[in-house]
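Going in written order, the chains are labelled A, B, C, D, E, F, G and H, and every chain counts its residues from 1.
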Amino acid sequence: MNLQDMKELLEKVKNGDIEIEDALERLKDLPYKDLVFAKIDNHREIRVGYPEVIYCEGKTVEQVKSIVEFMLTKNKNIIATRASEEMYKAVKEICEDANYNKLGRIITIRRTEEKYTDSYIAIVAAGTSDLPVVEEAAETAKILGNRVEKVIDVGVAGIHRLLANLDIIRGAKVIIVVAGMEGALASVVGGLVDKPIIAVPTSVGYGANFGGLSSLLSMLNSCASGVSVVNIDNGFGAAYIASMINKI
Amino acid sequence: MNLQDMKELLEKVKNGDIEIEDALERLKDLPYKDLVFAKIDNHREIRVGYPEVIYCEGKTVEQVKSIVEFMLTKNKNIIATRASEEMYKAVKEICEDANYNKLGRIITIRRTEEKYTDSYIAIVAAGTSDLPVVEEAAETAKILGNRVEKVIDVGVAGIHRLLANLDIIRGAKVIIVVAGMEGALASVVGGLVDKPIIAVPTSVGYGANFGGLSSLLSMLNSCASGVSVVNIDNGFGAAYIASMINKI
Amino acid sequence: MNLQDMKELLEKVKNGDIEIEDALERLKDLPYKDLVFAKIDNHREIRVGYPEVIYCEGKTVEQVKSIVEFMLTKNKNIIATRASEEMYKAVKEICEDANYNKLGRIITIRRTEEKYTDSYIAIVAAGTSDLPVVEEAAETAKILGNRVEKVIDVGVAGIHRLLANLDIIRGAKVIIVVAGMEGALASVVGGLVDKPIIAVPTSVGYGANFGGLSSLLSMLNSCASGVSVVNIDNGFGAAYIASMINKI
Amino acid sequence: MNLQDMKELLEKVKNGDIEIEDALERLKDLPYKDLVFAKIDNHREIRVGYPEVIYCEGKTVEQVKSIVEFMLTKNKNIIATRASEEMYKAVKEICEDANYNKLGRIITIRRTEEKYTDSYIAIVAAGTSDLPVVEEAAETAKILGNRVEKVIDVGVAGIHRLLANLDIIRGAKVIIVVAGMEGALASVVGGLVDKPIIAVPTSVGYGANFGGLSSLLSMLNSCASGVSVVNIDNGFGAAYIASMINKI
Amino acid sequence: MNLQDMKELLEKVKNGDIEIEDALERLKDLPYKDLVFAKIDNHREIRVGYPEVIYCEGKTVEQVKSIVEFMLTKNKNIIATRASEEMYKAVKEICEDANYNKLGRIITIRRTEEKYTDSYIAIVAAGTSDLPVVEEAAETAKILGNRVEKVIDVGVAGIHRLLANLDIIRGAKVIIVVAGMEGALASVVGGLVDKPIIAVPTSVGYGANFGGLSSLLSMLNSCASGVSVVNIDNGFGAAYIASMINKI
Amino acid sequence: MNLQDMKELLEKVKNGDIEIEDALERLKDLPYKDLVFAKIDNHREIRVGYPEVIYCEGKTVEQVKSIVEFMLTKNKNIIATRASEEMYKAVKEICEDANYNKLGRIITIRRTEEKYTDSYIAIVAAGTSDLPVVEEAAETAKILGNRVEKVIDVGVAGIHRLLANLDIIRGAKVIIVVAGMEGALASVVGGLVDKPIIAVPTSVGYGANFGGLSSLLSMLNSCASGVSVVNIDNGFGAAYIASMINKI
Amino acid sequence: MNLQDMKELLEKVKNGDIEIEDALERLKDLPYKDLVFAKIDNHREIRVGYPEVIYCEGKTVEQVKSIVEFMLTKNKNIIATRASEEMYKAVKEICEDANYNKLGRIITIRRTEEKYTDSYIAIVAAGTSDLPVVEEAAETAKILGNRVEKVIDVGVAGIHRLLANLDIIRGAKVIIVVAGMEGALASVVGGLVDKPIIAVPTSVGYGANFGGLSSLLSMLNSCASGVSVVNIDNGFGAAYIASMINKI
Amino acid sequence: MNLQDMKELLEKVKNGDIEIEDALERLKDLPYKDLVFAKIDNHREIRVGYPEVIYCEGKTVEQVKSIVEFMLTKNKNIIATRASEEMYKAVKEICEDANYNKLGRIITIRRTEEKYTDSYIAIVAAGTSDLPVVEEAAETAKILGNRVEKVIDVGVAGIHRLLANLDIIRGAKVIIVVAGMEGALASVVGGLVDKPIIAVPTSVGYGANFGGLSSLLSMLNSCASGVSVVNIDNGFGAAYIASMINKI
């Protein structure tokens, strides 16, 4: 219900076309039930190809399958993150063209054709062990309609590998930096380019890495400006906000 | 040294205007000393009004004063964050028009006229106790040339205060959310708007807040997409990346 | 031994119906053995349907089975929490009508008919991944004799879903809020209703969630008044205290 | 604006006593500004003596003073927690009858006469070092209109002191347990009484107490049922939810 | 009330020297008020010189003074730990012969003559910075009636210093080991002697010492058998249990 | 080499029965190789029945088996803690009379007859889930020659169960308290008895228990005097030091 | 490209043997692509036998195999750390002479003959459970061309075992100390010898060991000078820096 | 007592110049009292200029002064770290030529002339706020007789500053890297040079830096080989081990 609807309602009241009690009924729940809800839905629906997202961790195979089943009726793109291979097989049964990125543990189903952006998101990763997070981020960014360029295995232990790829990194509109261990890559990239950086700490490493804590703290304390951070291993979240920025 | 300089050097070599040994001397340190440095400087200098930044914590009053003194010779805008009032007074002695935001503990010196962006950054804060961080962010964003709109004291304990200000928040190009305690504001805003959010956890709170840890973890674990996080109380860092995004 | 018993004992002493030594014997251990024990038992027994509770984690299947076997002789309701399916099968062998809530990992055996309260406990959960905790809480609340209303998947990332269900939440006498990740739901509900809230952080999430730590800290630091917290994933504990409050 | 107000507005519209544009103006911001707010206000206002609360930590003396000044115009009870003596003096200047509980660091201003409940809240504390938290809780509970009984210095190191006071504890409708160090008091009380317990860990202790962490974890892991927990040293929060329960 | 008292009471009942109602009155609160209390008191009182203990941290000077004042009426030894110099002065006003160990921050008042044990407690400390804890332990041990031998500054960085003092350490009945930093001394002593060791981690150190955490964890993980641990800096606690063992 | 050996050597030197160079050879490495070793061995050997201890965690089945094989040649008692069933089977092959306590995961081999102490160690445990630690402690204490009394399932949630068993606890010379969750049992027992207490936190519990951290911190912060603590789940270590105390 | 190459290029320019544009092309990417890379490569290549290192954790068997395949074409020594037996089998298929240290989980392939150093690295370990880390360190040190001496099972619980091996430890040029539990060995060795010590905390232990945290903190807080620390269980890293020092 | 002394003693025994009992007396305590002590002293004394070290934190001004007073009698170099200005003044009273590095908080007293090494230690620091640690390290290294080169303010946010100083860093025999915040500098330097690196995390930073924890974890998890770590802010410790390496 928008202002126009409300005005018409008041006019009906004035003209006696509607009973006061009925008008009251329509108005009283309005703040919660209609307005807010509609507003949100609207600005989500206007963007073609926006996918529905399912976070599969902690859900059963059955649950994932039936959520997908319901979503397929809406005919939109679908992402299911942290999906096991078993989940993929279950989804495949009800949706022939579902895709599965095994490394990134992500199921994607396309129903609207993506119009890729001209500008691109650079995904820069320290090591090959960070690939699962890179893949989750890349798949997400792509189905959200972004062009993606990956620069892998450019950890700071061999700074020349990073320097050799600066052009492709600097050409991006927004950069996702993925790194485990000490997560220094985010600071170093942040010092070399003048683009917003979304840093993803990964749980790659051992011992005093404490499941990604070392790279998380490292990235939060980055001495370089222009770096913000998402949760450990959260490739999806990084791609989501990077997509928002890339599409500005 | 840019490509043009390099070309001229080679021409001098060809023409015998310079000895090979001398040319060699100029070239051999080039990767470290000149090129990289220049490249960075270049893309920083092309943006009018970009300020030099001094992080004052852990520095003596003397150190801050002499760093400012040196920077004044470059005739650029200057920001000094985490500056004590004593530092401000010392700076004031050598720079009449230095400004001090006491709450935000930030000194600003303007030398170039800012051209404010049309789009704006919204700074949304949970409580009045978060104001120091808000002020640090706002001052930084403004001297970087951004229009800023503040929405203060809209913590989730009274969600209606937030809902009542949705229009101004939704109108922004990028949003900074500042919150201490449980930091829930980031998630709630993230669920209501479709803009990139830079979340700043603050150390406001006590007990199990552990100096901002609770809001930091809360924001990193946000169930809403589109949220990334900077260090606890890091208003400057949030404004810096928000400015990058706002100027795209 | 209650006051009446004690009086009778003294009368026997007076009348010489009992030797002083024997009376002494009965009295000397009374503070520990009888009185306290009885007092506790009494105020527990007067409430019909109060169940015996077994915490199965760390117990063997054999241990659980024989504890149940012993309890069955008392002919009261029984709850066994954190019970594996294997444990349920073992219990089933000795008790035909044992029920198992697989998601909630809880076995219930009914021996007294519950008289449900008129007032109800609302269980509000952020996501479907929180369902195991919801089920543990719901089963517990019900066998304790409470009417329960569940409101699931109303996490703060889509605040409208929560607002749309406010009536049912506000209608409760006490509210259990179940949420993982950043646990913001507790604060938001706390700001919208004026009923006591028992918040249950869940271990749902990953990375900097640190096994539920982020939601735990979040809930403890809630900026909304009226929120208290139980242990991570402790659906049983939340239901127990909520039942106490609901039955006032 | 409540339903009655809304109905009258519609009647004025019908009768032509108000222009549609004017009615629209009053209605359009209603979902956020009025209705939600009103709804909350309403169920808050119906309880006489409900105080406004100011959390003073992190605020300046000036800020606290002017917030109180504004609140005084509403003629309601006021609580200001974590208030320094300096803040109290500033408030005193504008409000003759402001009271200050120095130990509890809490300012109270009474404008409505409290109608005390018949039932009472028992506040049970382990040691005299926990008194500041006890006082914050007691003052809060009282201005919210609750009868309060305090049982102090009954820590578990001398269990007989606790047992000797069981009657007064068992007579309460809801119990606040305040304890630092190992926080065992909550579990012991929880095992002895059948009333809801709100446990407040305090930062009393040293070394491996880690600012209240040991008692916090202890209380969250209580083996006794019926215990829920608020933030470290949060006497106010405990009293607030206890008051909700006591008034059921 | 002890068994003898109880017997006499029963005899009076039998002889009609007391009314049953009066006897009942005396007996009914007995489990909590008298017996338990008495039992504890009894086994405490039988040991001459057992002091009353006041933990001063978090108490005001006034509180400490009046607690001491009350205790003086009992004419027993008194210990006040973590006492400031100001507290000592206040106590001195009401008790001429109060002693103050400044380094150990402990006030002692003697009212019964100690009978020192033949066996002794060895207090072994790593460095001179650990002296405050050593002094707290030594004063406590002595007023509890133990002979004490101190071996200071024998940290493991110079193992020969420790080895040179082995005889005195091995001659003790129980050993208190005090160490900060990495706390290795407990393990080394544990490997060299066959006596029970009470280890006290101290907060001496910096950085990754985290306020004594490193030495605490170190001592808990001691590879040597026969080591148990008390709280960080808890010299009093170590001396208390060591005294119990020494007096067996 | 003991003093007697040394004396004989010197006499041989005096009598010319041995060359100085040869005597020198035997003496020069003596401080490290022989004397120290001997000294330790000596004071260990004088106590009949002292067992050799193998900590099996992190060792392979083969390693455990061959260590036992070697030890069997010394004809002494043997303890192997944290031993898997597979390890037990391997040991059984080479030692017919090896015993295995499955719950306590401990292998014992007896070669000397224990002379049990008159005094006993009481092992007091909060719940049945703590039994593995209880068993490890009990087996250890027994093979070290101590009489043991167990009091199980007396957690503080039902304080009467503990009070009912006070006599047996108070009769011990030293007490081991085993508890998980909030570990309050140590403080409560500490307040009721006047014997040294060795507290063992267990990893029983979930969520904010953090693998035993909550009970560990709880016990370290015990408000009762006379409590010292060993590592989480370290039943062996508790029994070892308790045995030292019991045998004084 | 080295200085000589650059000089020749300039001479060609001078002589007109190459067009300026072509020379420019070769020079412009030089800082990143060539020079830096070369520089690093150069000072790495000059040391015979320097191996390529693969960190296998988080990589698939396929990935490890193909990385090795590629490396074999360079004909250099290869180390693959944290390699599973399955990975070894896969590598064995393409490289007959690959070796596998099962305990140390490390694959080594030799292509250049090592010239062992005269000086040696001593690897000193507290217990047999630390052997996997010792083996990783030893294999690494050896393939890097160092002579290695191992001193195992000399934990501080039996200091004489350590003292008996001092000569071999003192004879080393650099010492690696490997210890879990409380990690005291590093401090003790540090106090006895005057050589640089690289300490490796291991995750051996349980409970409050927290996965190696206790030994890590212990070693970082060593009261002995001359100790520095690498990551938990990082035998490879310790050997690498020890090799650097040993070869000085 | 050395071998020669022992030989002479045996000869006296042989010749009857000493009683066996007396010889025995001298020999029996030898392992602990003499030999070990001497051995250590010897290898310390042979190096000219080795200073005595006093760690002042936690010591009183009086204690520091009298320790220095005693040391002065030995006529050796003295270092006092973490010394306050007040301590310096007290030392100055008894030692005219004491020097104080205010930033590094370190007192040095020279009694032997240092012979500086030809090779040097490079101290590389990320920011000017790290200077106190740099100064502590530099003063320590110098009085230990090392040549030192400092490279300050080369944090990774501006990698070109680091690259521009590579020559001086690569020329060192061993490198100390000092950095706070995210501590990435250690990894980056580690990737660029082939020398042993001693990394010192500093407590510079705020929020999620947690007193140096972020840089500590970062350095421990360095992806570059050849990096080992000392305690947070431990400039002295880094210089000590670096000196050991530099003097090889």
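Keep this in mind: a contact is a pair of C-beta atoms (placed from the backbone, for glycine too) under 8 Å apart; a residue touches a chain by one contact, two chains touch by 3 or more.
Note that the coordinates shown come from a computational prediction; the quantities given were computed from them, not determined experimentally.
Colleague: By label order, what chains touch chain B and chain H together?
Modeller: A, G
Colleague: Can you give the shortest number of steps from chain A to chain D, where adjacent chains in the path must touch?
Modeller: Steps on the shortest route: 1.
Colleague: Pick from C-F, B-H or A-D: which interface has over half of its contact pairs in common with C-E?
Modeller: Repeated interface of C-E: A-D.
Colleague: Please decide if copies chain C and chain F contact each other with the same set of residue positions, more than half shared, or with different positions, and reply same or different.
Modeller: Shared-number fraction below one half, so different.
Colleague: Could you say what rotation angle superposes chain F on its sequence twin chain H, using C-alpha positions and rounding to the nearest 5°?
Modeller: That pair's rotation angle lands at 180 degrees.
Colleague: Could you see whether A-C or E-F has the larger number of C-beta contact pairs?
Modeller: When E-F is set beside A-C, the one with more contacts is E-F.
Colleague: Distance-wise, how many Å sit between the C-alpha centres of chain G and chain H, to the nearest whole number?
Modeller: 25
Colleague: Could you give the separation in Å between the centres of chain F and chain G, each centre being the mean of its C-alpha atoms?
Modeller: About 39 Å separates the centre of chain F from that of chain G.
Colleague: If you average the CA atoms of chain D and of chain H, how many Å lie between those two points?
Modeller: One centre to the other, that is 55 Å.
Colleague: Could you check chain G for residues that touch two or more other chains and list them?
Modeller: 31-32, 36, 40, 127, 158-159, 163, 192, 207-210, 213, 216, 220-221, 225, 231-232
Colleague: What are all the touching pairs of chains?
Modeller: A-B, A-C, A-D, A-G, A-H, B-C, B-D, B-G, B-H, C-D, C-E, C-F, D-E, D-F, E-F, E-G, E-H, F-G, F-H, G-H
Colleague: Residue numbers of chain A touching chain C in their complex, please.
Modeller: 31-33, 36-37, 40, 55, 57-59, 63, 82, 201, 203, 211-213, 216, 231-234
Colleague: Contact residues on chain G for chain B in the complex?
Modeller: So the residues of chain G in touch with chain B come to 3, 6-7, 10-11, 13-14, 16, 20, 23-24, 27-28, 30-32, 35-36.
Colleague: Under the stated contact criterion, what part of chain E meets chain H in this complex?
Modeller: The contact residues of chain E facing chain H are 127-129, 158-160, 163-164, 166, 204, 206-210.
Colleague: Which residues of chain H touch chain A in the complex?
Modeller: Result: residues 126-127, 155-159, 181-184, 186-188, 190-192, 205, 207-210, 213-215, 217-225 of chain H touch chain A.
Colleague: Using the touch definition up top, name the residues of chain D that touch chain C in the complex.
Modeller: Within the complex, chain D touches chain C at residues 40, 43-44, 53, 163, 173, 191-192, 194-198, 216, 220-221, 225-232, 236-238, 240-241, 244-245, 248.
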